[in-house]
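Here come two complexes built around chain A, the first alongside chain B, the second alongside chain C.
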Partner chain A sequence: MSAIASSVNIPAVRARAPLSERLAPAAFLLPAVLVVLFVSIFPLILSLFLSLSRLRFEAGGLKVQFVALDNYRKLLFGSEQKVLFGTVASPSLVGWIVLAVVVLLTSAAVYRAIRDARSVRVIAGRAIAAVVLIGLTYLVAASLLSPEGRPGTLVVTMLYVAVGITVQYLLGLVLALLCAQQLPGRRFFRVVFLLPMMITPVGVGYLFRMLADTNKGPLEPLWVALGMQDFAWSNNAWGARIAVMIGDVWQWTPFMFIVLLAAIEAQEIEPIEAAIVDGASSWDIFRHITLPAILPVSTTLILIRMIEAFKIIDLPNILTNGGPGTATETMTLYAYRIWRALDIGGSAAIAYLLLFLVTFFAMLYVRVLRSHVSATA
Partner chain B sequence: MNLKKLTTLMALGAVVLAACAAPPAAAPAQPAQPTQPAEPAKKFAGITVNAITFSGPQIAEPMQRRGKEFSEMTGATINVVTVPFADLYQKILNDFATGTNSFDVIVFAPQWMVDYIEPGYLEDLTDRVKADPDIQWDDIGLFFRDFSATYNGRIYTIPLDGDFQMVYYRTDIAKELGLQPPKTWDDYIAFAKAVSEKQLTTDDGKPVYGSCIAKKKAAQSYWMITSIASAFIQSQGTGQGAFFDLETFKPLYNNEAFARALEIYKETTQYGPPDEINLDVGDTRGLWTAGQCALTIDWGDIGTLAIEEGSKVKDKTGAVILPGSKQVLDRKTGKLTDCTPELCPHAIDGVNHAPFAAFGGWSGAINKASKPEVKDAAFAYLSYMNQPAQSNVDVTIGKTGFNPYRVSQFKNLDNWIKAGMSEQAAKDYLGAIEASLNSPNMVLDLRIPQNQYYQGIVLDGAIAKFLAGEQDIAATMKEIEDGWEQKTEELGRDKQLAAYKATLGVQK
Partner chain C sequence: MKSFFRSVSPFKPSPFRMMISYLILGVWAFIILFPLYWLFITAFKLPAAVNNGPFYLPFVDFQPSLHAWDYVLGEVGNDTIRLFTNTVGVSLISATLALVIGSGAAYALTRFQFRPKVGTIFVFIGCVLLAVVLTVLGVPWVLAVAIAAALFVISLLTIARRFERALANSDIAFWLISQRIMPPVAVVIPIYIVFQQLRLLDTWIALIITYVATNLPIVVWLMRDYFMSIPYELEESAQIDGASRFRIFSQIVLPLSVPGLVATFLFVLVFCWNEYLLALFLTNARAQTMPLAVVAQNATRGPQWWYMSVLVLIMIVPVIIMAIVLERYIARGLLVGAVKG
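Up next, the complex of A and B:
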């Protein structure tokens, strides 16, 4: 009887709830939802529309012409293809080896998914990721790792991300491990190591431009002493790229350093003390205790820096304007360059391609990491 | 707290606040103070004019200096905002198009004016100019009045500068090596090569380069290649045009003539500073005044910078009209052909010169959306800078970036000699500009819708890749042709052709 009563009563109670109470949760959430829509979703949709349009300033205002995928066609298959993809030629031996390794690894991942009878969604996801990854690797092999090839903005961007993050992480880790030791002056160096991060990237660009000037810069005597007064790093594609990468590493290593230092210092001391008592070496302690302890922080750190690094623009813009030729031009700089000439649709299309690229690598990174952690567990 | 209490408290608070804010009810009477005689109200007191130009320091410097003088005279406040050259076009357009209207005065490249006038962003200045006798409009060179200031018969800008590219050479080095000023581009190469092989050094031991040309990407370098190519492409007079075919609007930058220009352009790099492809005009000018260059291509700025304090090339700087060519493009065959009287009617001693009015000269315009009183002050400010009393001085100062554009500035040598030029140097310098200005085969800069994309993106990008060795001549020319054609298709071929033809009707 009571069960029946309650089953009857519940809707009755609900029906009696005042309208204001029922609407209250939605009313409280609405401002936040609107803010998110306004600052995040709406610009995303608008820029997608822009990437499918051509804009022109005419008498009476702005004329927006819908051109469907024409801006993407121009980038991927049209007159801008060479800027984006560079010059593709037959890869060198190293290029073929790299490509073969990636093909093997991705094929193995797809095969494992099929063998383990994973869901169709997982298999399809892995297959798509494999195709995209093989395609990108081929592009790297046929442009960057080819004697006749030349990398376009897409590969140059990926190069900056890969080299920059690897070097920044390793350097940051070494510096953090050093500063975590009880060494004299470590407090001083903690501050010193942080300084580059405080400088605006444009300032870093000008700083490195002056330092690398072999004729007029403050290091001119050094370059002359080294017999490099007639060398112009800006004339050489790799010289210019390396200059950009050094500037980027110099600026962002402190970010890695400070977060890793915090993670190292926050790890529990008991396992380390126990390991010392058991006679473990410093390397063993680092390998089996410290590294696993800072792994969650490291993965997040790399993910954040990776997303940020894909958007690099300041340094190549100030140092070389993307030159010589297109040697140091990134996708963001490329988008900015054509935006300055009012090709807003084309610029938005590049921005969307970059968004796809960043999302792909971020998802891939997270998936690989998750499967690795699951396997370890 | 109930409603009654809350109401009482709020009323009490309001009374307290009102008491604090109110002025004393009855201030004691003060004895009358003797007052200073009031200054006559200045014409534009309290008005602020916001201006934008590029972060020179050229152009911005005279705008700020003259702005201060103008403020003292009229009471108006002149704020000059500067942005990098590559950002200027879009920054102005974005400001206008979004209705932000942060800028009342824009000082910009007149070749961009079509993109600002067509949407209706610029104030028509025709009546104001006619009503202003101090501006002495007829004293401004006809070309600058027409190309830099007028669009569809209406005046939209006030010229502040006159721009032509010329070749400068070191007179002392020419004398020492027994070289003549270059008449053709082959002469230019021979001159540069001779200096380079001689391995000359400055007094402080720095190398003297055979040729210094600003070739930096995404800067002000893309005019240089047109300065070289024009002599090979245009020979039948200004109306022929040097960028597009007048029938089909097909680009003229994919043929033997432009290929030859690219060869010359690349060869000059061999005799230049090691980092030449990363040098902007500011850098090459610095090298010139430091005595490290024997040749350069530049606007009129070099002539006045050479006489500035600290310059090592005072009275050593000669100027000539842009070199020409004995071979030109035969547009019927698309081949590079020897000059004949029919093919090169304006040739001098068999050499076809095609001086390039690159850029056209910095000019000032007024935002149509500004308030009427601000527009009045803005026009008065531009007029003040343009008037002979100011401009005749400013064009003789190197750091202003202003070059002569008034007839009186060419006729009267006194200002130049007073500024530090020798009479011969002044005659050389002004003579080279006049020869360019009076040439019946002068090449007009591109002034069609979105010319910034054609030149600043497509041409500049392709040339940068060519200089960096990323692509050969054929690929470079194809890239320019494809890029220009694509933009033409987007904007409409007929419309672009009509705009191009209208520009070529400009009077000189």
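Up next, the complex of A and C:
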């Protein structure tokens, strides 16, 4: 629709409009671009510079020393490698299967690009994406899915993002579908379901720390009944991770819920009525009418949540302080921790690695989606 | 258009389905409300009632007390009021500005075609790099920026035109959303330095500029979807009648987009209202906001749960009231365009 609109209107404006009209596009767009540039471009360049240097606080101020890629070397191959990548061991059977599936799928994508004689750029892009994906999958298989392995902050972050987005999306979808029905009192549920999003994330962190306390928290009778009253979240890697994920789901399902509810309520009513008259089951209506209608919203929604989810910091920081050890530490929290230890350069390097990672996933997501949508449409 | 203003839904569930629905909705409502209930009663507990194990019902298994409220609103009441005023002021102004600037940009991205030249962008990045390098090498930053700006204008008029490859609107939109990828931890020091140089630390202005910039991408993305759903014919006929772009925007497009604007406003308001890390760095006394006060209750004696609960409650009540008032708009307004477009 926008494409039609602009092709209709631009020549007309250019041809006969006064100066103020010709400047209108810039006047609408430029303020936003300038504000974002002002706040983002200098920090982006300066933190790139910081990630290539080492800062020391000495008498008389700050001393900056350029160290080239030393911070990155330390993270990827040096003393910090274990924190970032975890302990790598031989994957379990499940790990091997997952790895095999990813290798097959990615090589098939590359093979199709070569077979269809696509441009060199497409083939190279797919090959690079395939290599990165296989590498990341191997890392997951060899740390998370391995009996001896131990996931590092990179894998833990991806775990939070994957589990968080899946659970939040499915839960938000179910709740939105239920709330879209004609139920007396659904306005009450809508407002209640929005509440967690309204609380400051640090507040949610402390709230869940209260709830997770097995001695003084409200669930104490439950822990006693399970014989786990001496269980401490902070001592068990998986317990702590699950606590963080529960908090994350609690806080961000409302976002998915409200956007999906809006999309469901915005559907055309006529096809649904026709389907009901024709005796379609509610599953058929969902599968063939509602789901296609909410797919565009879902893709935007998942992209926005993915970008935000990679930055998760408050919950693991307050709830578990990244512990036990670094079991619940995310990349942002890791950057924050070594930044508090005044290793500003190392912190900026982690942030840049995260930037590469998220940009990779965001671009892959948009590309795969675009090719999939154009294939079906 | 008509269908999204309807108030009834086509799904009329059978009694059995209704029961199941209420069961699931009720369970999730309980999961949401129970932690909030715990927060609420903790705000009325004495430290002993918190520390000696779980107590659930006021007057039944513990005696409620107003001591925490006394402390937050009485003893340090002036501080609380100042922080609260800052939070309200900063987030209202930021959300309004972000909405105005962002919806303008979103409108531009849906109605005009932009062809930014790749050459111009590279020259621009080069000039910014130059300014940064010069500053690091000890040139005063005002001078460095002036040199870079002059160089940018000169090269814009000469070499930049040779690179004709251009980008499109979708690239601008992706660039905007990509500005949210960088974690705040990484950019907070550079932003601190910028505002320190401008002598704006610990002012509302610093917070407002930062919040507007960080929330603009969200506004642009949500409003862009919305504007796409507005039929273009209305604008065309206004244009034929000689209305200017700005008039069309303010008198036709904006009034038609009220639901989307309200929903987006609420989102951005909540994000500014609750922001912690940037506020921690950009303020130290006068311009501090409420999230800082919540974290400050984690004192050397351990977290002061009762004060924390009171502060969180004070923080969420205004937002909840706004959410209840605006709820009908939220459900209809959000991302409607993406469905239609």
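In this text, the second predicted complex is superposed on the first by the 339 of 377 C-alpha atoms of A that agree within 3 Å, B and C clash if a C-alpha of one lies under 4 Å from a C-alpha of the other, contacts with A are read in each partner's own complex, and residues count from 1 in each chain.
The working rule: a residue touches a chain if its C-beta (ideal position, glycine included) is under 8 Å from a C-beta of that chain, and two chains touch if they have at least 3 such contacts.
From a predicted model like this one, the values you see are computed outputs, not experimental measurements.
Contacts of A:Gly78 after superposition: chain B is touched, whereas chain C is not reached. In the superposition on chain A, contact is made by A:Glu268 with chain C only, not with chain B.
With both complexes placed on chain A, chain A has more residues touched by C than by the other of chain B and chain C.
With both structures placed on the common chain, the touch criterion links A:Phe231 to chain B but leaves chain C unconnected. In the superposition on chain A, contact is made by A:Phe208 with chain C only, not with chain B. Contacts of A:Trp339 after superposition on the shared chain: both chain B and chain C are touched. In the superposition on chain A, A:Thr200 makes contact with chain C only, not with chain B. Of the two partner chains, neither chain B nor chain C is touched by A:Ala162. Legend: residue contacts after superposition of the two complexes on their common chain; A:Ala127 is shown touching neither chain B nor chain C. Once the two complexes are overlaid on chain A, the chain A residues touched by chain B in the first and by chain C in the second are 215, 339.
Those residues of chain A that touch chain C in the complex are listed here as 1-2, 4-10, 12, 20-21, 24-25, 27-29, 31-33, 35-36, 38-47, 49-50, 64, 171, 174-175, 178-183, 187, 189-203, 206-211, 215-221, 250, 258-259, 261-263, 265-270, 272-273, 276, 282, 293-294, 296-297, 300-301, 303-304, 307-308, 310-311, 313-314, 331-332, 335-336, 339, 344, 347-348, 350-352, 354-355, 358-359, 362, 366. Against chain B, in their complex, chain A makes its touches with residues 54, 56-62, 74, 78-79, 82-83, 87, 150, 213-215, 230-232, 234-235, 237, 320-327, 337-343. Residues 3-4, 6, 8-13, 17-18, 21-22, 24-25, 28-29, 31-36, 38-39, 42, 50-54, 56, 101-102, 104-105, 107-114, 125, 128-129, 132, 136, 169, 172, 174, 176-187, 189-191, 193-194, 209-210, 212-214, 216-218, 220-221, 225, 227-229, 232, 236, 239, 244-246, 249, 263, 270, 273-274, 276-277, 290-291, 294-295, 298, 303, 305, 308, 312, 315-316, 319-320, 323-324, 327, 330-336, 338-341 of chain C are the ones touching chain A in the complex. For chain B in complex with chain A, the residues that touch the partner chain are 86-87, 89-90, 93, 97, 115, 118-120, 216-219, 273-275, 277-278, 450, 452-453, 456-457, 461, 464-471, 479, 482-483, 486, 490-491.
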